[in-house]
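Worksheet: the structure to be examined is printed underneath.
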Amino acid sequence: MNASSDVGYHAQRQSRWHYGEVAFWLIVLACGFAFPTRYLIMTDILRLALFAMSLDLILGYAGIVSLGHAAFFGVGAYAAGLLALHGIINEPVLALVVAGLAAMVLGFATSFLVIRGVDLTRLMVTLGIALLLEALAERFSNITGGTDGLQGIEMQPIFGQIPFDMFGKAGFFYSLAVLFLLFLLARRVVHSPFGLSLRAIKNNPLRAAAIGIPVNRRLIAIYTLAAFYAGIAGALFTQTTAIASLDVFAFERSADLMLVLVIGGTGYLYGGLIGAVIFRMLQELFSTITPQYWQFWIGLVLVVIVLVGRQRLHRWVLYVPNLVIKQVAGRRAIVAVPESDA
Amino acid sequence: MTIALETQNLEKTFGGLRVTRDLSLKIEQGARHALIGPNGAGKTTVINQLTGVLKPNSGRILLEGQDITDLPVHKRVLRGLSRTFQINQLYPDLTPLETIGLAVSERLGHGGDWWRRMGTRNDVNDEIADLLNRFHLLDVMNEQTVTLPYGKQRLLEIAVAIAGKPRVLLLDEPAAGVPESERHDILAVVGALPREVTVLLIEHDMDLVFSFADRISVLVSGALLTEGPPGQVARDPQVKAVYLGEEAVNV
Amino acid sequence: MFTKVHLLSMTAILTNLFDGVAYGMLLFVLACGLAVTLGLMNFVNLAHGAFAMAGGYVCMVLVNRMGWPFFAALPLAFVSAAAIGIALERTLYRHLYTRSHLDQVLFTIGLTFMSVAAVDYIQGSSRVFINLPAALQGQFDVFGVGIGRYRLMIIVICGLLTIGLQMVLAKTRFGSRLRAAVDDPRAASGLGINVPQVFAFTFAFGCGLAGLGGALSAEILGLDPYFPLKFMIYFLIVVTVGGSSSITGPFLASLLLGIGDVAGKYYVPKMGPFVIYTMMIVILIWRPNGLFGRTAAR
């Protein structure tokens, strides 16, 4: 092999599909058939996974911290709800895209506020935007239904063919299809030159500019894309549960999302998916132990994760999977978490 | 002779401190120009203004005759002005392959391409392979940068700048902190830079300066003290006075 | 609370101004500890409100359940919150000063969640009231301007505290050390100032003030387990708008926020917190280091 094709081979190393990944998606698909009584919770996990993947795009790849990612989730949720409620767009897939675009417009508009400044300013501005939207949604209760939320949403069949059933089976496979498609897109994006430039910006913004990367434009682009993803997640929420209420904007939603991503690890796309599964399982577990006070345990998990150290924790968690992969595939483990701090 | 890079009456103050004073430099096309000066002379401040990290209070910067004073950092790079950093400014998580690949992609205008995967463009691959080879980085191309020995990191630093195919290259102390054993590689690489690249070298190491440069400007307290060919600068009594006490100019 | 007056009458303006000042001063006492944490250690402590809540609940238990006089319980609110503060600082917080802001945010959100659930578990989720002595109830008129006794007391207490803090910072040796450390921690430790010690003490004191503020605010802001989450944004606004390089900045920001919030709720009740959040975002974009903070170096 000459040096050039060798370089090409190695440059594509990360973007090639690995057995582990194929297995992962097959298992997810299999769950849809194996647990027909658990569609509701599984759909919930898929939504959360998509939402977390959206945060991973900006936090894990571009290093933008956000305490208000629920803003885009909320806009997507209300947009989908209003479209269905007033019969503006009845076909769910089309409505989903439109709702995502609505969140995307907001993401683009607010990205100019977010890319400025340091971490703390970003935290405050993102938090402020989410709170602002919550206040707006409460103020314009004639449109949003105020604290009662949107009620009486009835979903039409997907593509006019597949109706949402009461067991949530259609909802689950619909959500899974959306998640998988958006995952494919995200995977493509993060392994492109654009995605690589984001990682460079996260590593060292000054140096990134010094090799000719237009830092601000790239950050605006990924923030806008992430907003689209979050909007889709919100729209899925409304479409599969037929509710949209003020708490879609809540701070707790943004904070929980951070935890999901922290559990799963940032910067390799699967973090949000794995984190969502573990988070919901923990939540189930805690609410069986102490129904009202599960938030205490969630808080404890956050504290422990930070004290132990996120990197160390992920090395422990991934120790066994990596060992297996090494044995089976005989090469460097693929399930790795980037070493740097998000 | 055409002028590759020029500053006209550059002024920069921090608070009340004038760190660049009425600085006018002309660097000829293809020159090996060195900017020297004692510690605190404001050399790095000059570089930062040339590259756009800092804005001068007044004065102009011209790249190949065009005013670039108000251009942001990345646009200057795309016009052919690259730099290396005194202390390694690399991406700790990225590999040399990725780092150079990124720089090449950006130069060829593929940086904003969000669809095509890295490693699928042959022209980019060829160039990466060539650079990795020239800078002795082929063997470590898949290691994370943070784990590389310091000398390799310095090489990567220069390789990244070269990947931008600059017409003017600013080298900010390329050999600083490199152990003696790895120094040779760096000097060889710097010496082998193609002649069509104009180089402005900022350096402390007088051996390197006098073996490399064909023209030297001496900066003291932010102002130009003198300028000329190496032999003339070395004999200049003013320069000797400035460097007295520092590790001297013994040419 | 509001007497029947024309919206724009002078007395209404003055009453609102008075309430706003009381509210603002309370916010300052609640949040000034946070300014120090941020300025000195560059530490983002989203759990600051939990210390305020702790003080508030301690005061409530002492007064309502054990029959302590209100004014005797206030110092204990301070002491208990400070004690919790120093305990947490020594055991947990100090490991996180060098970590990324993201880690600090995650950690302190975790603490906040834990405090919310713990107080909910121990005391229940409904709002609690502290039994006030009769002398503090009701209001009196000064030239038609309604002056709430309780708010007057808050202005007096918080005003004295602010003057006291300013004196300590300006006149004492500890104050000059603290200012030096906030200005440039590295240079300060080079001068032989024990920055971690100064910080631990200041952290505890800031928590104590928050505890005192929590006890005082039960009547005005309402005290329930969700206090730390509900008012997190207000504390952060005070600090980010006021900057963290002095206490004058946060003080002015608190007054501005207090007056703005009270006036906003009175004159444009429907817009609610909208005005405040918009103001905050605009100020952050316009002056990222705060309205009264030092201008960015370089």
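Every chain is named by a letter (A, B and C) in the order it is written, and numbering of its residues begins at 1.
The definition used in the following text is that a contact is a pair of C-beta atoms (placed from the backbone, for glycine too) under 8 Å apart; a residue touches a chain by one contact, two chains touch by 3 or more.
This is a predicted model, so every value here is computed, not measured.
**Student:** Once the contact rule is applied, which chains count as partners of both subunit A and subunit C?
**Tutor:** none
**Student:** Can you name the chain that lies farthest from subunit A, using the mean of each chain's Cα atoms as its centre?
**Tutor:** Chain B.
**Student:** Going by C-alpha centres, which chain is most central here?
**Tutor:** A
**Student:** Taking each chain's centre as its mean C-alpha position, how far apart are subunit A and subunit C in Å?
**Tutor:** Comparing mean C-alpha positions, subunit C is 34 Å from subunit A.
**Student:** Could you grab the centroid distance between subunit B and subunit C? Build each centroid from C-alpha atoms only and quote it in angstrom.
**Tutor:** For subunit B versus subunit C, the centre distance works out to 50 Å.
**Student:** Could you state the distance in Å from the CA-based centre of subunit A to that of subunit B?
**Tutor:** For subunit A versus subunit B, the centre distance works out to 41 Å.
**Student:** Taking the complex as given, what residues does subunit A use to touch subunit C?
**Tutor:** 59, 65, 67, 113, 116-121, 123-125, 127-129, 131-132, 135-136, 138-139, 251-252, 255, 258-259, 262, 290, 292-303, 305-307, 310, 341-342
**Student:** If we count contacts the way the header does, which residues on subunit B are in touch with subunit A in the complex?
**Tutor:** The touching residues are 51, 53, 72-74, 77-78, 82-83, 85, 89-94, 97-99, 101-103, 105-107, 110-120, 122, 125-126, 128-130, 132-133, 138, 141-142, 144, 146, 160-161, 163-164.
**Student:** Going by the contact rule at the top, pick out the subunit A residues touching subunit B in the complex.
**Tutor:** For this pair, the touching residues of subunit A are 2-13, 15, 188-189, 191-197, 199-200, 203-204, 206-215, 217-218, 221, 338-340.
**Student:** Which part of subunit C faces subunit A closely enough to touch in the complex?
**Tutor:** For subunit C paired with subunit A, touching residues are 38, 44, 92, 95-96, 99-103, 105-107, 109-118, 120-121, 229, 232-233, 236-237, 240, 270-274, 277-278, 280-281, 284-285, 288.
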